[in-house]
Each structure stands twice: as structure tokens, then as C-alpha cells.
Amino acid sequence: MADHVYKTIELTGSSTTGSDDAIRTAIARAAQTLRNIDWFQVVETRGHIVDGAIAHWQVTLKVGFRMDDPG
Amino acid sequence: MADHVYKTIELTGSSTTGSDDAIRTAIARAAQTLRNIDWFQVVETRGHIVDGAIAHWQVTLKVGFRMDDPG
Amino acid sequence: MADHVYKTIELTGSSTTGSDDAIRTAIARAAQTLRNIDWFQVVETRGHIVDGAIAHWQVTLKVGFRMDDPG
Amino acid sequence: MADHVYKTIELTGSSTTGSDDAIRTAIARAAQTLRNIDWFQVVETRGHIVDGAIAHWQVTLKVGFRMDDPG
Amino acid sequence: MADHVYKTIELTGSSTTGSDDAIRTAIARAAQTLRNIDWFQVVETRGHIVDGAIAHWQVTLKVGFRMDDPG
Amino acid sequence: MADHVYKTIELTGSSTTGSDDAIRTAIARAAQTLRNIDWFQVVETRGHIVDGAIAHWQVTLKVGFRMDDPG
Amino acid sequence: MADHVYKTIELTGSSTTGSDDAIRTAIARAAQTLRNIDWFQVVETRGHIVDGAIAHWQVTLKVGFRMDDPG
Amino acid sequence: MADHVYKTIELTGSSTTGSDDAIRTAIARAAQTLRNIDWFQVVETRGHIVDGAIAHWQVTLKVGFRMDDPG
Amino acid sequence: MADHVYKTIELTGSSTTGSDDAIRTAIARAAQTLRNIDWFQVVETRGHIVDGAIAHWQVTLKVGFRMDDPG
Amino acid sequence: MADHVYKTIELTGSSTTGSDDAIRTAIARAAQTLRNIDWFQVVETRGHIVDGAIAHWQVTLKVGFRMDDPG
Amino acid sequence: MADHVYKTIELTGSSTTGSDDAIRTAIARAAQTLRNIDWFQVVETRGHIVDGAIAHWQVTLKVGFRMDDPG
Amino acid sequence: MADHVYKTIELTGSSTTGSDDAIRTAIARAAQTLRNIDWFQVVETRGHIVDGAIAHWQVTLKVGFRMDDPG
């Protein structure tokens, strides 16, 4: 970790399939604009129910990435 | 959401398969007697272990539903 | 309090006006079907935002009431 | 636990004697109307003081019971 | 919610008037630079006291908004 | 803040009007006997319900003030 | 509760007998110098062990009392 | 405490009698194999209910003991 | 549960596949050296991200087992 | 601990040097007016930043002291 | 504080020296790109251990700064 | 992390010097009997006060280490 500084952001991913897939959705979106993503941590698992069945799984994550030098 | 009022109950579903399936079990049971179920939120994920393997996954949820007018 | 037993339920009231009014909405709905409501406690204050302004205030409460004897 | 679903409710029992007795009061009341009560968990222990002494012990519990099939 | 990903940021709004108004201040500022703000959740309510009266109400919020595709 | 030391006390104010007013009640009482009150933070918002309506709003606060030198 | 303001202090009582008795010890001491004590709430239950047995039960409480007017 | 290092373990004791007795059961078992046990702290109080009455009180504790030098 | 005493330990299992599989990894390792494992409870779900994808799921559990008599 | 009763107060100390020194500042101030201070516990570590550097470290503590008999 | 709005971000700084220095590392990095940083609050203190000694101290902070007007 | 399983234990180290040194004391003791210690996380910082000054800093840590195969 040396002298690096990390930043943590909070994202919510969704999926019609399940909780792990909602996490993958959020990570994939973050990776489109952030380099050096290093870890995630689950904050909350929720879901939206329609007609008595789970329509969307919604998982909120903290996602940590190494900050580049502003140089 | 207008002027609706929602009620939240706490259920624990179980499954021999995995954590997402335990959630689906609880939602399915709730849908047998409640209309207008709208969301869930995971409170706790536990399991029962027999002979060194997971015999049942047990997931406790808050389940929210819109209250009908008593009228 | 004598030998009474109290039950606590969790409700979410909404309002277009503000957080206190969302609480009043939930209490009013509870009072339509429950006698002997005694107290509330705020669990969470949220809101729904539409076009950059708060469309609904949503306050989740615990609401406690004295249980009648089943007799 | 098989495929059962459990529901948890929150009750507050009181006693002039002590904290364990307040728990027993709440369980006894729950057992008058619920079958299949399985466990409790203490949420909060409070008390009401009159003239410098404890007049009532008040213990709030989560009480879990197995839901029957609606059949 | 489909396949959208949401991001949550934490803001503190202030007001000389009251707690709800401090929330509105923070939402209004966020709406100047963020599209698709969807919800808020109160994290903390504080205030600054001057000469024995509340000079500023300070409410910290989580504010969630839908992320656009980076496309 | 220099070398000052602050003390925090916990107060509950009540009001028949609303939650912000219950906070103002507690601050006003504290200001009768404490100098140098600097901030408050809401710990809990509750209320007492009579005949299905809110009779008193009760808000518990931490209130911080700068300690004078004992000299 | 009217327009009263309540203050909460934190005390730890001890007992060689048990947890309820440690609570009674703390309340009795508080009642020697405070009028209008109204409620307590348990914060933490600990104990000191000597030679493999509990020598002292130590229960930390919040104790609330009505503030007199300074007048 | 000098330069000692303490280790904390988590135990659950049970009793048919009450919550304090469940604590004593756990401490007594710990004392059979650990020297230098110094304190406990209650983490959770639960119970198992059979036929509408408490069959077992179950109290989970953190138990701290001084580590001997490995020498 | 009779007069048994249970001990809880904290483990973190990892998996390249998903969160449930990381739990199974931790339980399987615990079962190699502990008899009488009875339950688990999820404490935290994290993961390690490499090149914008989840390389390892890491789930921290509390694992409870019945203590044998030292006899 | 015998039959003593302890009281806990909450203080915030500040320092331009570091977090441990902010704790020492608070303890030193408490010792000017309280006898029998026995322990502290850190509640929160914050700081004030001026021109991109830490101007004051601010550490909030619970400080416990043995109450004298009112005699 | 007037009508300003503050934003809070979460950073993790590291240091080979100690916990206060890890905080200074994170603040220094934030000050390279953010104006008007006002306060920090410690969220978590961790460290990485290599060969039985602390190789890096890692402290996670919330860092608050005043938002400029979008102009 | 591959398929490794990690175990977390809870230790309290003490020091007459300061909080970081109390952490080092606990890690050094753990390293005498455990291989593969990987990280620590601070759980609580306390201290013992004698004659109005800090006699011992006491820091409680979670310490994580990789479990060897029982092989």
C-alpha cells in the first residue's frame, strides 16, 4: 500500500437474477470510468417486489480505488 | 407514494440451496397472505450446520407492503 | 404500566409537506385500526426527489400500543 | 427448519420484580394468541422509577414463531 | 430500476430556519450539478448554537442519483 | 478551538408543536444555566400519543459547551 | 411531559449478587442527590471475574430525570 | 495492566433458570481450561421457547483473560 | 441446548465463484479441526477486484460450536 | 469495585499535536475538578483543517469516575 | 456556516510510521485537488502486518469540504 | 487470497506511552505464537487513569491470520 491514498465511493447495482449479480453490475459500471479499483464491501442488500416476486435485487456497495497522483 | 402508509414486518426464510433462495422462500410465503408487497431488506444471514456442512441457509428480512385503507 | 404488554410495529408515512407531517400521516393511519397507541420513535427519514425537489418525505417509525387481553 | 418461514414480532413486557420476570410476562402474553413460538431475543432493558426506586422493569423482546401454512 | 447503477454522495445542508429547510438547501445545491437525483436519507441532524439559540441547523444526507452511461 | 475542552450532556426537550420546537425547548433550558453552549446533535426523536394523535414530541439531544477554566 | 426538559446521566452500579441488583445500586445512589428520577435504560452489562467466578456484576445505565426550573 | 496482553473469546452459556445463571454457566466452563480470566461483557440475551414457556436462557458473552508469556 | 456451552470464532472464507461459495469454504475448513459446529452468521461480505472484475469474494463469518467437556 | 457507583461524562479535548495529546488535554482538565477518575474510552476522533493541514485534533472521550458518598 | 453546503468524501491514508501520520497523508492528498477542506472524522483504523510487525498503518477518514457555487 | 481461510482473534494490548504503542504490544505478543498474521483493526481505545493522568493505554484489536492446512 506504500504511500498511496485510496478513495471509497458508494454504489447500488441491480439485477433481475440475484444478489451476487447485482454486485457485479455495480463493479462493471465503476470500471468503465475508474482505474485501480481494489475492493468492495457490501453495505445493504434490498430488493423490489412486483406481484409477489423479486423483480430486482439491489445491492449497495462501498467501492475502493487507489487515487492517482494529480500530477 | 402519495399518501400511502407502508408497514414493515420481519420474516426469516430458509433454504437448503443458498442465501438468495432463502430470501425467495420468505417472499413467497408473505405473498400468500399479503397484497401490495413492495420491497425487502436483508437483516441477517445465518445458517444451520450439520456434520460440517450447511444444512439450511436462514435469511432474516424486513418486508414492506402498502396498507390498504381500512374502509 | 402494571402488567400490561406492549407491541411495537414499524410503519412508514409519507407527506408532500415535511418530515413531521409524514409522521402524523403514519400515526393517523395506525389509529384507524389500533386502540391504545402509546408512543412512536423515528427509525429513518428519507425522501423521494423528482426534478431536483423533494416530492415526498418518507419517515419510518416504530409505533407502540398496549395489547388488550385476548379474553 | 426445513422450508418453514418464521415471523418476528416486537413486544415489551413489564414486571415489578425484575428483568427476567418482565421477559416471562411478554412471552406468556404472546403464547395466549400465537402457536409455535420458538425463540426470543432481548432488544432493550428499561425501567420506570418512582420515588427513587424501580417501580416497573420493562424489557423489549423480539419474539419469533413459525408461520403456519395459510391453507 | 432495470440495469441502472446508482451512486450515493453525502452532503450537509444548513438553514437558519429548521431541519427540513436544511435538507432542502442540500438537495437544491446537488440539483445544480447532478441530473437524475432520486432519493435522500438523513444521516445526522446537528446545529450550531450562538448566544443560547440555534443559529444554524445542519443536516447531513445521503443523496442517491442514477449514473448515466459513460458512452 | 485552541486548548479548550468541551463537555457534552444529554437532554430531552418536549413540545406539543413539532420536532424542531422540542429541540428549541431543550436548548432554551440549557441556556438558563450553561454559558458557552456551542452545538447540539439529535440522538433520538420520539413522541407520546393520546387518543390517536401526537400529544408531545420528545427529542433527545447531545448538547456541547466549552468548559471554563476552574480557576 | 408538558414543557419539561429531562437530563440523562450515565452511571455504573455494581453488586456481588446479580445484574438486577447492580441496577438497583446505581438507582439508589442517584436518588440520594437527584430528585425526579423518572427512568433508566441498560447500556452495558459486564462483570469482574476472580478465581474463575463472578466477583462483581457491573451494569451501566442511562438514568433520566426531570430538570427543575432554575428559578 | 502493565505490559500484559489480554485475549477475548466469545461464549454462549445456557440455563433453565434465568439470564444471570446462563452467564455463570459460561464462566464456569471457561474457568475449567483458562487461567487468569478477568472480565466478561454481555453481547446478547436470547432464549428458546417450548410450549409457550422459556425452556433455556442463552446468553452470549465476551470473556477476557490475560495471556501468559509463551516462554 | 441443556447445559452446553458454545464458543464462537470468526473466520473469513474466499472464493472465485461467489458469496455463498466463500461461506462454504470457511465452514469446510472449520470442520477439519472442530467437531460439533452448529451455526454460522455472516459478519461482512467483501471482495478483491483485479482489472475491473471480482477476483475473490471474501465473506467473514461467526461460526458457533458446542464445547466438549474438558474431562 | 465493591459497592461503589461510577459516573461517566463525555468530554472533547483538542491539541495541535496529535490524537493522543488531545486525549491528555481532556483528562488533565477533568482532573482539575474531579477526584477518583478511573478510566476513559475514545468515542470519536475528528479534526479541524485549515489551509489543507490539520489545525486541531479533537478527540471525544467518555471519562469514568467513582462517586463519593454524598455524606 | 451560513447557506453553504458541505460534501463529505471517504479516504484511506497509509503510513509506515503511525496512525496520526496515516491521517496526515490522506489530508495532504485531498488538499492537492480540493479547496476549502474543513474537517475530518476517523472511520476505521487498520494496519497491514508483515513478518509479525506493522508494515503500514491504514486509517479511513470522512473528509468534509465546502462546495463552491457552480457559478 | 486464493482458497485460504483466515481467522480473526481479539486482543487488548497496553502501553504506558500511547495508543499506537499499545497496538504494537498486542501484535508483538500475537507474533510469538501465530504465523501468517496479516492485518489488524482497532475495535476500542481505552485507558486507565491514576492520580489524574493516563497510567496505561489499552487498545483492543481484531487480528487476522491465515490458517495453515491441518494436513
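Which chain is which? They are A, B, C, D, E, F, G, H, I, J, K and L, in the order written, and residues in each are numbered from 1.
Methods note: a contact is a pair of C-beta atoms (placed from the backbone, for glycine too) under 8 Å apart; a residue touches a chain by one contact, two chains touch by 3 or more.
Source: prediction; values computed, not measured.
Separation of chain B from chain K in touch steps, taking the shortest path, is 2.
Taking the definition of touch as given, a chain qualifies here only if it contacts chain C and chain H alike; those chains are D.
Greatest centre-to-centre distance from chain D is found for K, with centres as Cα means.
Over half of the residue-numbered contact pairs at A-E are shared with one candidate from K-L, A-K or A-B, namely A-K. Superposing the C-alpha atoms of chain F onto chain H requires a rotation of 120 degrees, rounded to the nearest 5. Centres computed as Cα averages put chain B at a distance of 44 Å from chain J.
Rounded to a whole number, the gap between the C-alpha centres of chain C and chain E is 23 angstrom. In terms of their C-alpha centroids, the spacing between chain A and chain H amounts to 38 Å. For chain E, residues touching at least two other chains, in rising order: 9, 19-20, 30, 48. Contacting chain pairs (ordered by label): A-B, A-E, A-I, A-K, B-C, B-D, B-I, C-D, C-E, C-F, D-G, D-H, E-F, E-K, F-G, F-J, G-H, G-J, H-I, H-L, I-L, J-K, J-L, K-L.
Touching chain K in their complex are the following residues of chain E: 9-15, 25-26, 29-30, 32-33, 48, 56, 58, 60.
By the touch rule above, chain K contacts chain J in their complex via residues 19-20, 23-24, 27-28, 30-31, 37-42, 63. Those residues of chain D that touch chain B in the shared complex are 1-9, 62, 64, 67, 70. Considering their complex, residues 18-20, 44-49, 52-54, 57 of chain K touch chain L.
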